[in-house]
Amino acid sequence: MALKTELFVINLGPLHPSTHGVFRMLATMDGEVIVELEPVFGYLHRGIEKLAENRTYKQNIPFTDRMDYIASMSNELSYVMAVEKLAGIQVPERAEYLRVIMAELQRIASHLIAVGSLANDLGAFQTPFLYMFRERERILDLFDMVCGQRLLYNYMRFGGVSHDIPDEFLPALKKLLKHFPGFIAEYDQLLADNEILLARTKGIGVLPKKLAISSSASGPVLRASGVKWDIRKADPYSVYDRFDFDIPTGSAGDCYDRYRVRIAEMYQSIRILNQAIEQLPSGNVLNKVPLRFRPPVGEAFAHIEAPKGELGFYIVSDGSEKPYRFHVRSSILINLTALRDMIIGWKLADAIVTFGSIDICLGEVDR
Amino acid sequence: MMQFAPQELLWSGNFWLHLLLFAGMIITFILLMVMFFIWYERRLIGRFQVRLGPNRAGPFGLLQPVADVLKILTKEDIVPSKGDKIVFWLAPIIALAPVFMMFAVIPLQGNALLVDLNIGILYIIAVSSVASIGIFMAGWGSYNKYSLIGAMRDVAQLISYEIPLVLSIVGVVLIAGSLSLNDIVEAQTVPFILLQPLGFLIFFIGSLAEINRTPFDLVEADSEIVAGYNIEYSGMKFATFFLMEYAEALTSSAIITTLFLGGWKGPFLPPFLWFIIKVIAVFSLIVWVRSTIPRFRIDQVMAFAWKFLLPLALINLLLTSMQVVFFQEASSLVIIISSLVIMAALILIWSKFFRLGGNSTGL
Amino acid sequence: MEVGKGHVYSGAELDIHEGKMIEELKERSRDIIPDPDSWLTDELRQNILLTTVDAALNWARRTAIWPVISFPACCAFEFMGAAASRFDISRFGMEIVRASPRQADLMITAGTLTWKMAPQIKRLYDQMAEPKWVIAMGACGISGGVFKGSYSVVPGYNHIVPVDVYVPGCPPRPEALLYGIQMLREKIKRRKSFVEEKK
Amino acid sequence: MTLALAGSEAAARLDKSLAAGIAGLNPDSLLVKSEFLFDIAAFLKDEPGLNFNYLVHITAIDYCDYFELVYHLVSLKHNHSLVIKTRCTDRKTPTIPSVVSLWRGAELQEREIFDLMGINFEGHPNMKRIFLWEGFQGHPLRKDFTDGS
């Protein structure tokens, strides 16, 4: 005898504890299994692209901060690179190194949150999350030291960075780097040796290699699917070609691989940071850029490997003080393209974990 | 059937006065312990999570639960307009009452406080499952999809875990030779946790599932179904559920203490204190598990009960009966060592063959 | 829950319904909701018994403030920073962040509010049980901040819900949020639930 | 370093039947006619020597007289990139063929362009607003957009 059952529609979000902000998944469920899913975006659509057309180039740097607010430094870097490309501005070497240091610190901070909140989505009662936050605070302290802000830094400028690092910065950074690998190893041991965590993430939310490339996934999501593609290596920007580091990749493309790739990337970031501190030259950190800054008519696209994927800015200039078009290649929005394929057929609990493992930040998805 | 302990019966013949007095005492005890547990859990989890926990209200934050309770009780009470009102009203009461009732037979000191049922364990198993009806009613009456999912999960979980739970108790009963909790405590010259390590493990895991604690807290899984069955409850009714959750944890700790840890027995300190210390120790273990282990998925919860706990419980039962029948004369030291070895071997073997597995899609 | 009567809504139906809701709310909330603080200066008569009861109640309410999850944007991370080990709002008994609005007392509106989100925030606020409070955290929460003037941003939460305490900053540091919470506690302290008569 | 192909370079490697679709050559991009867009994109993707299997992003720009669509393509295999552009002069109901069937990554971006710029993509599986709600008047990224309030 077959029981007659009924499908029902359930709204996960927009204010759901594990949608990492305001995101809605319209799930049609058959009991616990999700049979149809429609992601709904736009709950944080602030119209940054339109607002930016009415602000000067320099005024737009704070806007970029507020996109992926977990990784502000990376956003700024990408934007200033696009404008520098557009206007042909040179950047002093010391500033390039400082940018790399900030971007890599930001990558660690962002991955800490990604891994911590993944554990939260798995139902570990906040403990891993709070451990991650404790370590993140140390990185935020460094940022605080440099620019006086904890979250949205407004540090990069066209032609360099706003000001040089204080004297205490490097010793503090070295101390952090010395202690950090041990922390990650300990943390990884806590999570990756846990049978429940393995059972909940291995083989869950698989993104096959072919679909990953076709759906333009980027960052750890793409690499976890076994594609060795990192903008830092494939199209080196800033001074990344001077550092020696590896690109960790996964093979299965499941949630566990995404977790592993992030953990491995943190180690690589530490490697880069150590080399950057060693090579850090002295000198000027900001080239003069005219106050009323008008780039020539044209367009430029610059992309970087942000913590969450390939973040690009496409700027069109009409020769005035304001950008004619300000487009963001949002890594997370595009990473979410394949969300439906990854979730359908899995249970509600898996959907949450899969979603968490993509590591999203709604500020950049909706802009 | 019912036997009142002679030293407890202060007013011989006055049945109702005795009942009233001790029922009142038990309820006060539970409420006080629950208040303490709420504070204790928050402080302890604070330690696990490298922070302090509530410490501003009163000395060491001891008044925090008082403030919590006072605040919840005076909050607005909302009833969903589309919900099933009667079910919605009854659910908290039905969920809470059995938890109090269980304490009637648990010997806190020397003897059971209220009644010493000679089928105490049977009574506890029977009554403990009633709380799930309350949870299911709450999920049904709320007219909310999340709460319905939570309620369904609770029922599925209860049915699965009741079986290994009961089977693991049978081992204890076999050794003690009695169903009365009082006799079981008396029989524990060596705490049964040593004679029945596997049984203790199964019972502990089963209890976690019964009281919906991590890693089995699917019923109110925050990150999945928001708050589960109690999502629509506010005010006094939510306070009842809140109380029920902690009272269940208290009862489970008390039962584990009674069955496996030698109950109120202990040197030097008064028995009552020993009982409370052991209960807190068990509760600490529960909190420890809660703050470190992630949650199962629903099918994994089921698989764990049926494929892991149930076979082990059956083997444990077989071994225990063999021990009782054939090796009654063996010294307890031999039994302890052999049962520890057997437990380790069994768990190793099972974890080799049993994988929680992640690739079942259910479609 | 009634089985058999259910109708599985299609995505398009829900979208149209949502659009209508947003437009309606946008129409309704052109004006700012005045801050609920007029009672602070009201002279209310209370006898000694009522004052004592009030004092006890207010103590309980300000000691056990449970926030609800409503964290749209950037400030959420500063709230989490405040909730995490270093700043640790659990000291004030606030670490129980309820996901269900029914059981929460405080809405910390951490982040920019868009018109698409506004009906949800309004609903969340309506679902919370009395007594309830709102802290508008960050510049966006107060006035729309840097996004003021955008076609999709609500210029301040006080268009949608009455706000008790404003915490400025973009984003406010956790210290600022803690100060805001202290201010809220002060406010709760002066609340009078039981009054003999109005003067 | 990702090698950016010039427009002429890519045009030289195009199939002869598609040569009619080229509308202009820029040093950094290839301008194609919108009706040929899909065929040229398909060719660029499948031609083994080019193999543009990864769509970096799509965007649209409103030049008042016409809309310009920009496609950034990358080949993960050969590590070279190409920008193709196409134009659409119709302001009332601008229509461009969708490339979702070639690159899934275009799905949400085309919806985004539809929402904010008002360009319709023919052949898109789910063409509806993504960020703004149903009933929102106008398309904000157009230069002539005015907020109702």
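To keep things simple, chains are lettered A, B, C and D as they appear, and every chain counts its residues starting from 1.
Rule of thumb we're sticking to: contacts are C-beta pairs under 8 Å (C-beta built on N, C-alpha and C of every residue); 3 or more make two chains touch, one makes a residue touch a chain.
All figures in this text were calculated on a predicted structure; none of them were measured in a lab.
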Smallest number of contact steps required from chain B to reach chain D: 2
For chain A and chain C, let me know how many angstrom lie between their CA-based centres, rounded off. 29
How big is the gap, in whole Å, between where the Cα atoms of chain B centre and where those of chain C centre? 37
Just curious, how far off is chain B from chain A if you go by their C-alpha centres, in Å? 43
Just give me the whole-number Å value for how far the CA centre of chain A lies from that of chain D. 25
Residues of chain D engaged with two or more neighbouring chains: 129, 131-133, 140, 145
Mark out which residues of chain C touch at least two other chains, giving numbers and ranges. 84-85, 99, 116, 151-152
Multi-chain touching residues of chain A, meaning two or more other chains, are 8, 16-17, 42, 45, 47, 50, 130, 134, 366
Taking all chains into account, which pairs touch? A-B, A-C, A-D, B-C, C-D
Residue numbers on chain A that touch chain C, as the complex places them: 6-9, 14-17, 21-22, 26, 28, 38, 42-48, 50-51, 62-63, 66, 69-70, 113, 130, 133-134, 137, 140, 150-152, 362-363, 366
Quick one: in the complex, what on chain C touches chain A? 3-4, 6, 8-9, 11, 14, 69-74, 76-78, 80-81, 84-86, 99, 111-112, 114, 116-117, 120, 124, 146-147, 149-153, 170-171, 173
Over in the complex, which chain A residues touch chain B? Could you list them? 8, 10, 16-18, 32-33, 35, 119-127, 130-131, 134, 190, 194-204, 254, 345-350, 352
Residue numbers of chain B touching chain C in their complex, please. 42, 46, 49-57, 61, 63-64, 66-68, 70-72, 74-78, 140, 143, 145, 148, 222, 226-227, 230-235, 238
Applying the document's contact rule, which stretches of chain A touch chain D when the two form their complex? 41-42, 45, 47, 49-50, 211, 213-217, 227, 229, 234-236, 301, 303, 310, 312, 314, 316, 324-325, 327, 329, 333-334, 336-338, 366-367
